[in-house]
Amino acid sequence: MWSFSNIADSIHNGLSQTFNPTVTVILEMVIAGLAVIGLFAMLGLVLVIMERKVSAWMQIRLGPNRVGPKGMLQSFADTLKLLVKEGLTPNGADKFLFNLAPFIAMIVAMLLMAPIAFAKDFQLWDLNIGVLYVSAISSIMVISILMAGWASNNKYSLMGAMRSGAQIVSYELSAGLSILSIVILTGSLKVSTIIQSQADGWWIFKGHIPAIIAFIIFIIAVTAETNRAPFDLAEAESELTAGFHTEYSGMKFALFFLAEYVNVFIVCAIGTILFLGGWMPFHIGHWEGFNHVMDYIPSSIWFFGKTFFLIFIIMWFRWTFPRLRIDQLLNLEWKYLLPISMINVLVITAMAILKWHF
Amino acid sequence: MKFITKYIKEVWLAIKSLFVGMRRTGYYFTHHKEIITQEYPDNKDSLILPKRFKGEVVMPHNENNEHRCTGCQACEIACPNGSLKVVTEFNLLENGRKKKAIDKLVYHLELCTMCNLCVEACPSDAIIMDQTFEHSVFDRNELIKVLNKPGSKIMDGVE
Amino acid sequence: MTQEELKIKITEILPEATIEEGGDWPSFDLPAEKWLTAAETLRQQASLQMDFLFCLTCIDWKTHLTMVYHLRSTTSQQNIVIKIKLDTAKPEIESVAHIWRTAEFHEREVYEMFGVNFLHHPDLRLLILPDGWEGKNPLRKDFEDPVNMIKL
Amino acid sequence: MYRTTEIVNQEEGQPLEDGDMIINVGPQHPATHGVLHLVITLNGETIKKVEPHLGYIHRSIEKMCESLSYRQFIYVTSRMDYLSAHINNHACALCVEKGLEVEIPPRAQVIRVLMDELTRIASHELWWGAMAMDLGAFTPFFYAFRERESINDIMEETCGARLTMNYNVPGGVMHDLHPNFQKRVKDFIQLYKKKIHEYDEMVTGNIIFQNRMKNVGVLSAADAISYGCTGPTARGSGVSCDVRKHFPYEIYNQISFDEVLETQGDSYARYLVRIKEMQQSIRIIEQLIDNIPEGDFLTKTKAVLKLPKGEFYSQVETARGELGVYIVSEGGSTPYRIKFRSPGFSNLSVLDHIARGSKIGDLVAMMGTLDLVIPDIDR
């Protein structure tokens, strides 16, 4: 059957027949890097058009409908526009940091691609601390935002960056705790093990109500971590014009933009892996026929389907809710989400020890 | 205990209010019939502006290239920002008397605010408001228009 | 309280005020130097309580300037008008921004538009005109702006 | 001759304390809805001082009106508070009619009131959408415009323009009602009633909105009066100041409607006042739409209007508060001096008072609920 893992295997076999093992590994790395960059660009294009269409339909509009069939090529046009725009660097800015910041944002987003299993047996690097790696790397994101805000030499940018710093650092906690609850249930940090453990049912179903609570908290926390509305205080265009990327234009702005979308994709992918079984198809108990039909759907479609469903939910948040105020944002984290997720982790630990889950 | 029930109730009501909002946007996401976008240049043919819409001042001419303007300058006086200028000439009639008539009625579309006061003021209904609204041009001078067509005469019986 | 009673009452309280006929509301002329005390009385006096200064403006009569204060009592819904003549050459009047806070902005507007100097105003500077405005006061009758004013 | 900003800052010596910074909000800023320029002194996120700088679109309408005749100057006032253009025109027409001592026919009075209330709804719709957008929710803006658009269509059909209609003339209205008017207004009321629950679902009931607006920008009743606030801004603080109730003009004393009062004085109270006011406007329209008296829509006036020597003041309730028109006439065909007491000017002056000590996000909420329209402030 056609699948990503077969393609990967045949490439590997083909290369190892012609080259020695070292060159093979190097070539495979190059191919993987190109694939990640390609995926990166694709995701940017797809997510932008998706966001525009989702927002349009929610706002009783048609959305982009001029470029290409039903406006589906609109994001190509947008990219082209951003590419040919002049990338300005303000006079008073710290030029080195100012130009470095968007690349850090993008590199972080790329690094996060490594442990994600896109399909059955299709993963760049199945390292044994995969989940820890993800939560560690994603914290670097805040550095690029702080860097951009500080180097712009603009008060709006600085305030946006400071807000973002406070926000990401605090929401990391509850995101981490909800990830932890699944790690407790699985007993492993390895992404492939976590997915394998959900072969007989996804954690969101197996883990009873505590897993659902952890899932909801995870979704809220990652929405905040990726600076998406209703937690888009770092950008808050009605307060801070554009927050930390006020001074960015052209391709440098596009990189921030792209990094934001790819981050959304990655956190949703992590959510899929942890709670919705990654590439595992949807099975119901002993309905053999149903399960068999589900197995026929390729694993990559399962993975991307679930991930895009989560992305849709995050977009749904954005186009429904108003923005929070900075103190309310921190209140929500420290007074509501953090206590709830701490108690939740305790309950899940008890559950895991007593084997109450399925 | 009371505190905890209050806390849980608060959280529940908050989440409920958020879901109510999401249900509304979700409804519109799935009901594309409610979309109100008008695809403007495409629907030009079906776009009917009401008769009273004040687009720009025009002077209707009949098939003999005749208009109803007597050159009385009532519109010029009524206009609050000088968009209309009447340039008059004197025609010699057969009986030897001179008659005032318009040479040109210059209309500055760039100054006009479409307030309709000139049309109201006109005693002989010579000017009306047209329903055009696409006024943008590349050269500003094109906005200065002469309302009476070249070679046009005043209609018989209009004083 | 009818307007006639109001007129009588105010002439009792403010003996220096002279009634001006015409207009919808009781209208009084006051000398400029009495204005501050009169304003305080109008605001504080329990039976009047003119607590709402809803319009503050100035008229340039070429020979003199007239400050016009429209006052309303939100309890009895009565309006009165106070007019104060000012000298064109050196227009000066006490500010009432501490009595009615709304006067602060309105006085700043009158200051730049008519050049009336409000004494003891908390923050008297240009509000609408650009900083560094040189020249005459725009709403005075002798103001001519050859660039921005188009004569028809 | 004048002291400028910089000199004042040095003279009166309010040096910045350590950690303070000054931020310019505006003249081009997404939240100011126009060219309002606020100079904000901040300490972190906390506002210490808000200083409005006006005049970016000052056109000196008062000076312009001095050279326009009494028929002509009415159109200029549409450009003041463009969202309630019809009500502004109404105030001017009222003032001129007061001077001319013209009785306007009952049909014209009803038409004016109907149009006023439609304008008020349209203005509040726009405010609702824009305020939600200030607070970060984009979607309500489009829902508000859907309803507003049908009002605009009604206006376009009857008055000939969507925004600056110039429909009021001294003596009545310019045209008679369009034959479709009654039907379309009834359709609009039906549409509005069908959609009104969305306002609650999207904004009023939403927990984030409530938290953003409750106890934000609290304005006490005494301060509201002292700062000269009118309209929903003052009524949110419990100050009864509806001109339609206290100084009824046209036929407002024959219609039953309630003056909406809230006592909290915070942004949420101001928000509720406006939402409820829309329903009161619907109530007024429902009372009048089937009872438009037959007859003339315009009293014939002379070609050249001349007001007698004297002073005339008329006031109306616009969507933002009390608009006063003060005409000083010397007996000529143009006003000698005209003063527009615009509601936005006084409402803006309160911003510094209520914003001190709150966060930047709150400032946006306050500006949203004060419903500032900059041309109305600058004039």
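The first chain written gets the first letter, and so on, giving A, B, C and D; residue counts start at 1 in each chain.
Please note the rule applied: contacts are C-beta pairs under 8 Å (C-beta built on N, C-alpha and C of every residue); 3 or more make two chains touch, one makes a residue touch a chain.
Quick caveat, the model's predicted, so the values are computed rather than measured.
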{"item": "For chain A and chain D, chains touching each", "value": "B"}
{"item": "Most distant chain from chain C by Cα centroid", "value": "A"}
{"item": "Dominant interface by contact count, named by its two chains", "value": "C-D"}
{"item": "For chain C paired with chain D, centre-to-centre distance based on mean C-alpha positions, whole Å", "value": "24"}
{"item": "Distance between the centres, which are taken as Cα means, of chain C and chain A, whole angstrom", "value": "63"}
{"item": "Centre-of-Cα separation between chain B and chain A, whole angstrom", "value": "51"}
{"item": "Multi-partner residues of chain B (each touching 2 or more other chains)", "value": "18, 21, 24-25, 36"}
{"item": "Sequence positions of chain A contacting 2 or more other chains", "value": "58-61, 319-321"}
{"item": "Junction residues of chain D - those touching two or more other chains", "value": "139, 142, 146, 202, 206, 208"}
{"item": "Partner chain D, residues of chain A touching it in the complex", "value": "55, 58-61, 155-156, 159, 163, 229-230, 232-233, 236-241, 319-328"}
{"item": "Chain B partner contacts - residues on chain A that touch it in the complex", "value": "54, 57-62, 65, 316-317, 319-321, 336"}
{"item": "Partner chain A, residues of chain D touching it in the complex", "value": "21, 23, 29-31, 45, 132-139, 141-143, 146, 202-203, 206, 208-209, 211-212, 359-364"}
{"item": "In the complex with chain C, residue positions of chain D that touch it", "value": "1-6, 8, 53-55, 58, 60, 62-63, 67, 98, 223, 225-228, 230, 239-241, 246-247, 310-313, 322, 324, 326, 328, 336-337, 339, 341, 345-346, 348-349, 353, 378"}
{"item": "Touching residues (chain side chain B, partner chain D) in the complex", "value": "13-14, 17-18, 20-21, 23-25, 36, 49-50, 52-54, 78-80, 113-117, 120, 129"}
